[in-house]
Every structure is written in C-alpha cells, then in structure tokens.
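Letters are used for the chains, namely A, B, C and D, taken in the order the chains are written, and counting of residues starts over at 1 for each.
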C-alpha cells in the first residue's frame, strides 16, 4: 500500500472543484504525481478545446501534490503562485498533468508540471507550469 | 447598448467551464472587464476555500476578455501564458476578477487582473495575475 | 531625514551588480520605491536597446526594496521568484523602475514594478513585473 | 564548424551587458545552449552572492539563444516575458545556465533554463526559468 498515494488521495477527494470537473489521481510517489481530466462540456472554452483554466487547475494540483509528497507530517500545501505557458490547444479525450518537485525546503517548495493532450492515444505537450508552494498547517 | 459587452458576452457564453462553475460577466468596456464567481461546492479546494484553479480561471478570462475589447474585428484571443500570485485565501460569498490591458499590440496583448474576495460585502485582494494574450482568427 | 530611504540606500550600495551598471536610488517611502539606470554600453543587448537582463534586474530590486520598506527591523529581503513582461524595446537615455507592495505578510511579500523608458523626456511603459519576496535574517 | 554556434556567438558578442559582466558561450546545438558567468564584484547582491538580476539575465539569454537555434534564417529573438524561481543562493566560482526549447512555433517559442552554481566543482541547481520568446526580423 502506498502511504504517499493515500495521503494525496485523501486531500484530493476533498477538492470540490476537481472532483466536480472529473479529475482523477493516477500516480503518486516521492516527488512525482500525475492526474488526468477527461474532456466534457464542463471543461471547455469558447472554441471547444480544454479551457486554459481547467488545464492550469490540473497543473496546479500536480505541482501542489508533488510538493505534498515531500511535506512534513501534518502539513498541507498551498500555492503561493504559479506561471503556465499554453503550448498547444488541447482537444483530445483527456489531458494528463505530471508534476515533479525541483526543490523542497522547510518553508517553500518549487515544482514543475507538464500537461499532455491525449488525442487518439498519442500524448502531445500542451502546457508547462512552474510553481511555488508553501507548507502550511493542516486544518482538517 | 454596449457592442463591446455583447461581443464578450457572446464568446463567454460558449465557455463550458465558466458557465458550469457559475461565473458571470459583470462589466465590459474598452480595455477593462469584470467577472464574478459565487461560492459553491463546485469551486472549493480541500480546506473549503475557493480553489486556486477557480481563482486563476476567473482571472485568466478577465485578462483575455480585457484584451478582446481591443482586438481587431473577427479576431479572438488565446492565452499564451499567465502568472498568478495567491495573496490570501478566498472564503467569501463570491470573488470578482477585474481585468485591464497594459498594452495591446498587433499580435500580442499584455493584461493584468486583480481578484477580490467579497466577504460580508467588503472586497479583499486575494490574487493578482499578469498575462500574455495572442490574437487569433475566430473559428466559429 | 528618511529612515526608510537610508535603510534602502545602505543595502543598495552593497550591490556590486547595480552600482556597476550605474543604477541609482531615486525615492523610497513606505511600500513604494524608484530606481533609475542610465543607457550605456554596459546595459545593451545585440540590437542596441536596454538588455532584458538589465531591465529585469532593475525591476527586481524595485520589487525587493519596496518589500524591504515594510520588513521587520533587522530583516533583509530575498527574491523567491519574479515574472516580467517586456512591453516595448527601451532605447531612451535612461529607464526608471517603480516598485510597490501589494501585500506584505509575516513571511512573504508580493510586489509589482513598472519600468518606464525615458526617451526625450517622455516616459513609456516598457516592462511590468510581479514578484514574490521572502523576509530573511540580515547577515551583514 | 558549428553554424549554429557561430550564429549564436555573433549575436551574443554584440550584447554589451553580457560581455561586460563576463558571460561566455559554452555550447550551442539545435534547441540547447549553455552559458557561464564567473563570480566577480560586477555581479553581486548585498550579501555577496550572485545577484538575482545577473542570474536571471544569464537564464534569459540561455532561453533566448536556445530559441534562436531553431529560428528561421534572418530572424532574431526577443523575450516576450520570463518567470524565474531562485532556488538557492549562488556563491560559487561561476554559474552555468542551460537553456532548452520546449516548443518552437512560427511566431513564438517556449523555452526553459536551469542555472547551476558551481561551488568547488559541484553543480547545484540555483534557479529555474520558463520563458516566451518571439521571432523578429534581424536589424543589423
């Protein structure tokens, strides 16, 4: 049993936005996590592709939970800030965000995420994020 | 009748993500727009506040549609990238994002948005975004 | 006598990079500072304009020292990260960066800076920065 | 003879800021470049480490020239924007920035750079940048 996976899954299940949009936790190991989000009318922009807001929300949690895999016990993670580049429009059946930690310090963690558009099974890089996270006390 | 408002409203109504989350267009004039998003279980993170993904999605469209108010006829706007700082947790009844254009060129536009948390009627700055938009041909 | 101004000036004078490039402290008040940098062959890029690296270095210290005006006694400021948009090429006699604090917390401060190109006396916005600073113990 | 290397070297030699600070081009291949910058009093901040402005200037050109390796003939590259995280203070003999292209389109290129602090020969990641570049006509 993966303790890291369970820790992420417990926090993730509490995110109304993510469960509502249909995102799922795929993998969680030390410093690395992956989530996916299926295409639906809940996540589109005006031209029918995945909305940048949905892409960035998925990349944000990939960065945040990658940082959480390296957090001290009893701590949660909050986003200080992030920056995302949209590299190509995502129109596939689903997108997958892979997050990894560049550096986890005592107070802050720096993480990156890449988002892939899965169109006919072939992943294409559609966005890249770089983020700063802060460790905060868990309140639930 | 505001032509600018109608142009934004037409594009905005096509965004599955935004209508699904409950966002509304409040104002749209040359270079300046505002949107709001009510609190609901559709937009929360694991500690019950507005999810950073929802805050950034609202700020993203505020930047994008501010840029659209200054786009040539027949053009749409796509996000090249954005960066957002989360300044305080938003736990109010609604958040409001105000977007403005710093510079609109022929190809690119630079925009900023501020997001305010409305708790008991008092707006508190909860996030700030700086974004790059690109003008693209409208395909619908 | 401005204590805030002196505090900034003392720290700034120790920056080898900035004094070497010719930057000067113009103003410093609570939450707001300004610096300028004259055009010289020390600060150009390959097409003869101010180098983005020089523009961003000036904007960075404008954000950092704006945060320092609100730091607890005995603390210094270090940049966690920043993001800068280059809005137009700067080719004037000097550039001026104006920094302001959006929020100063106990650990982190969020700041913004605008850089103006002074060509024939008229200021033109040439760059905009949004930055995260962290308060650290002063070691000198 | 590397045509890519020569193309970068020719443009780089024209950068007053970079030659003045002492930066050198180390490598340039398709989509990947590296530059270094030796420690000197020209590049320090107030606590004696490499100034964030010098670190970001080096990372900026690593991103820009990585994009230039994939530019059409006769084109130059200009920074639209970049975002940099400072991961640890750099106090070594030199820093090295490695840039790579994530995507080079017709108009824009997305690049990333990592900066390593070389202290006693051992490289430590001290900064990470994500940048947007635009291809523009060469004017010299």
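Worth pointing out:
Basically, a residue touches a chain if its C-beta (ideal position, glycine included) is under 8 Å from a C-beta of that chain, and two chains touch if they have at least 3 such contacts.
Quick caveat, the model's predicted, so the values are computed rather than measured.
Common partners of chain A and chain B, by the touch rule above, are C, D. Among the pairs B-D and C-D, the greater number of C-beta contacts is found at C-D. Centre-to-centre spacing of chain A and chain D amounts to 28 Å, using the average Cα coordinate of each chain.
With each centre defined as the average position of its C-alpha atoms, the distance from chain B to chain D rounds to 33 Å. One inter-chain figure worth recording: chain C and chain D are separated by 21 Å, centre to centre, where each centre is the mean of the chain's CA atoms. In chain B, the residues that touch at least two other chains are 80-81, 83, 85, 132. Taken in their complex, chain B has these residues touching chain D: 80-81, 83, 107-108, 132, 134.
Residues 83, 85, 87-88, 102-103, 110, 112, 125, 128, 130, 132 of chain B are the ones that touch chain C when the two sit in their complex. Contacts from chain A toward chain B in the complex involve residues 11-12, 14-18, 20-21, 40-47, 51-54, 56-58, 60-61, 76, 78-86, 89, 139-140.
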